[in-house]
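Across the two complexes that follow, chain A remains constant while its partner is chain B and subsequently chain C.
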Partner chain A sequence: MSVQPTGETAAHSGKYTTTVSLFVIAIVCSTVALTIFNAAPHAVFLSIILIWPAFASGASAVKDISSYGIGTGVASIGMLGAGVGTISAFSSIFIDIPFSAFIGIIAAFVIGFVTGLCANKIIKMKIPRMELKIAIMSASAAMITTLFVSIFSNNIDMLLTDVYIVLPLIFIATALAIIHPYNGSMGAGENQPRTLKLAFAEASLTTLLFGLISLAYTDTITSIEILLVSGLGFVIFTTIFLRAINAEIYKLEWSGVV
Partner chain B sequence: MEPTIIFAVALAGALAILAGIFEDLESDTGSQSNPNSQVQLAPQIGHLHRYFNKAISGEPPAYGFWSATGATVAVLLQTRFLSGFGEMHSVILASIFGAFVAASILSFYAIFAHISRTASMRPFKQPLQLDVILSPLPLFFAYGFLAVLCVTLISFITNMVLLNPFPVPLIALLFGITLGTIGSSTGDIHYGSERLYQTFIFGSGIPISKQGDIDIKAEYGFRNSIDTPYFTSRFGGPVTGLCFGALVFLDNWSRLFTFAGKWTPILLGIIIIILLFIINLSIEIYTRNRFNEFTKE
Partner chain C sequence: MDPITALFGIIIGGTLVGVCVHFIPCSAVGAMAATTGIATGPTMLASGAGMMGLMAAAYNLDNGLALMLASGAIASMLMIALTSVVANITYAFGVGVAPTSGQSEYDRFTGFEQKQCLTPGTDGHGIPTQSFISGVIGAAMGGIGGALVFYSVYTLISPSIAQATAIAIAGIIAVGIYIINGVLPAYTLVGKTEGMTDKKFKTTPKTLYSCLIMSTVSGIFVYAASVVI
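On to the complex of A and B.
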């Protein structure tokens, strides 16, 4: 590993992508992902690839809110957004009409917006555009939850264990994958491209975990598809992330005196 | 009262004490939660350090995640192991696999957090040293594995023997969040405000002017994240274990009695809370009388 040249200022590689444009990408990708999974359950590997942008959009929303000096409140704001999203998505399971999954995502967006409105207007947190960012966070969490609830409950007749026992794990794993990229990168030299690279690496780690869980619920081919594509994605995204680290770190060494 | 239930209450309490000890040592191995702010601030005021900067979004959500992962994997495996190994052995074997998966994910998150936060410290010339990552890694993997194993086993006992109506992963999520909260508020103070500030007078607290002004030099060489559990295992870890153990044990113990019907645990719980309040108040009054009020420097 090479030792990088030293520098006084933070290296801002790449350019800033707005959270709204990331969210639009995430909406398009996850709609396609859900449609593909409903039409052809054996093409699940495409759905897994297409759900990763939702993690990035949620992580970017967390970064936008937390940049206004929340700091240690990253976890709280993330749990709030992810909680609204996952609960809306879980509730949509019990609505027995066509396209109920999409209704859950829209409901998550609306409830997230109202929650942000309460935080800004009633608690007076006065964070610019917090309503929209919490709504984006909730909707992203709802997309992820909807896809994995659909995957786990697809072969409902061959289940040995009830599917609802994985709901706590889906909630907390999604929340951590959304809040941790910014929380883990915080500091003076933090920049959005590296945070998003970490978001993709953790997204694929989370889908890898869900793939492991899906061995108990789906048929073996589906699980192996999820595990393979997530494992491959994890290796690729981690490599990209480590390259970014290597380019931005002040000095890389095995050991030494600081 | 059946002997099985009394045994289960005692076992859950004992496992909770162990879970608390291991949880606190695991978080101290990588400066998670409370001490993390101090380790994070140190390079900004010129203290380059060799601590592991394990920023995983606060201990309560992080431990909720590890525990829920461990318990979910364990429950799903336990139904497969049931026919081959019998009830008790299948639970123990499945919990070991679950804790292993949880500890692996913990390690990935910890490494990502450390390298990414160190990269963000570039303006302050904090180097990324690979032995700082690799030497504490097996230690907090092991502590994390043991903590998650204990929480998973407590959740199984609560669900299967003490007949809690909630599913095991949900119990584990709630126990994990509780455990993380206790570790963050009780145990980490021994590391965050005492170990990192040993040059200042014992118990003097951390005013804003001292924030980030941590000890970076050890008895010989530099302070590191492996020596920290050696210090915190004397007080911080056991106190966390005592707190979580007392919580789990007293809560389960109050369910053993039936003298007032369904209201018995609630009545006993209120009595326990009042007793604890009186004990805490008398300790504080004794401390104030013994060591006087806070004095000006």
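On to the complex of A and C.
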């Protein structure tokens, strides 16, 4: 298999979107996703589609911070964001007032911002707007965690009896989906539009995994909805991502190694 | 343990976890055998040791705080000690270098001369005795810190839910706090350290302040969510 070389000046496969814009989109979409799920659980496929921007927002924040060279690898910063998101999302389960999920997301933003302040002001990493980027990453992780905890447990009693087994999996799957788009794309030709395409592909793959888990906890229709929409999303985004790669690389040669 | 003591438990435990990272010798993966320490990131190494500690501590939940802290510390120490030994075997028989410090002329504990084993152009390799002992001390601190955070979070949330669920949720929140406090010192160390004999050990106060602030903020939220609101 080979494609025509496009040369060194290959155009990027899309337009650069600022992380803040992505985050605003993610907040709106996640709020709608949570509201839809709470109002009409059988429209869960819409919630799944609407949570994907949160993955993209987190991945873009990881890219923004890591591209300065943080000295400890991309994984550490993503795990930090997922860690803050997890603390906030799981602690907010115990808040006994309406909209507790949103309190968790706000708390993730605040704790993430303080972490960034510590990193920039005390440790003196001097990465521009690191506070905001860590806050965005943490809040994005909290949005994803909150939605899936809600999907797996329609009510608090169910969460507290059955679903706790999968909590570590929610944490690590969210962390990997946020970390890997930049880690997998980094190199001389890395650019944000392509990284975001991979982020969406990994987001749909992650929701596909959660769909498989939901077979054990939710009704079959809900699980099938999640699996179908995630599978379709994965095929579409992977195709778009591969097209972007083919458009940007100099040459692709089939080596015969499978 | 009353809720306020548990809050202080989270703060002290989180800070201990942060400081412990400075003791654990690690070099970046790309610098394997080119600088002293286990070839992985400080965060991953400290988190691995911490999670071992958490698991061991959870088994002793019903046996009191003292035994929990001890089992957490011992599990973390074992994890770091075994990782160091296996890494040294790899360095000695796989790479063909002797465990050597790149910063000290003589090992602080054995008194062995380091420079004669140092490959020119490198900053040391493997885990010499001083780094090994430093790593084990750090792991003990990390294990105690992790177990303390776990027990404190468990104390805060356990009144309202079943024990098995409380253990799972306390464990995952403790891992979150462990990771936050493991990442911040990694930035101070810029990915590699020889342990307590390293020149970068002087930067520990920066870690101490930042982890103290972080643990306080995280602890207050967990406390507020589970007790106040």
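The rule we apply is simple: the second predicted complex is superposed on the first by the 239 of 258 C-alpha atoms of A that agree within 3 Å, B and C clash if a C-alpha of one lies under 4 Å from a C-alpha of the other, contacts with A are read in each partner's own complex, and residues count from 1 in each chain.
Rule of thumb we're sticking to: a residue touches a chain if its C-beta (ideal position, glycine included) is under 8 Å from a C-beta of that chain, and two chains touch if they have at least 3 such contacts.
As the structure is a computational prediction, the values presented were derived from the model and not from experiment.
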{"item": "Partner chain(s) touched by A:202 [first = chain B, second = chain C, both, neither]", "value": "first"}
{"item": "Partner chain in contact with A:123 - chain B first, chain C second, else both or neither", "value": "second"}
{"item": "Chain B versus chain C as contact partner of A:187, first or second or both or neither", "value": "first"}
{"item": "Contacts of A:164 with chain B and chain C, given as first, second, both or neither", "value": "both"}
{"item": "Broader residue contact with chain A after superposition on the shared chain, chain B or chain C", "value": "B"}
{"item": "Chain B versus chain C as contact partner of A:95, first or second or both or neither", "value": "second"}
{"item": "First (chain B), second (chain C), both or neither touched by A:75", "value": "both"}
{"item": "Chain B versus chain C as contact partner of A:84, first or second or both or neither", "value": "second"}
{"item": "Touched partner set for A:115, first chain B, second chain C, both or neither", "value": "second"}
{"item": "Residues of chain A that lie at the interface with chain B and also at the interface with chain C", "value": "72, 75, 79, 160-161, 164-165, 167-168"}
{"item": "Residue numbers on chain A that touch chain B, as the complex places them", "value": "6-11, 72, 74-75, 78-79, 160-162, 164-169, 172-173, 175-176, 179-180, 183-190, 194, 198, 201-202, 205, 209, 212-213, 215-216, 241-242, 244-245, 248-258"}
{"item": "For the chain C and chain A complex, residues of the former touching the latter", "value": "28, 41-44, 47, 157, 160-162, 164-165, 168-169, 171-173, 175-180, 183-184, 186-191, 206-207, 209-210, 213-214, 217-218, 221-222, 225-226, 229"}
{"item": "Touching residues on chain A, where the partner in the complex is chain C", "value": "70-73, 75-77, 79-80, 82-84, 86-88, 90-97, 103, 107, 110-111, 114-115, 118-119, 122-125, 159-161, 164-165, 167-168, 171"}
{"item": "Touch list for chain B against partner chain A, complex", "value": "37, 40, 44, 48-50, 55-58, 60-62, 64-65, 68-69, 72-73, 75-76, 79-80, 101, 105, 108-109, 112-113, 115-131, 167-170, 172-173, 216, 222"}
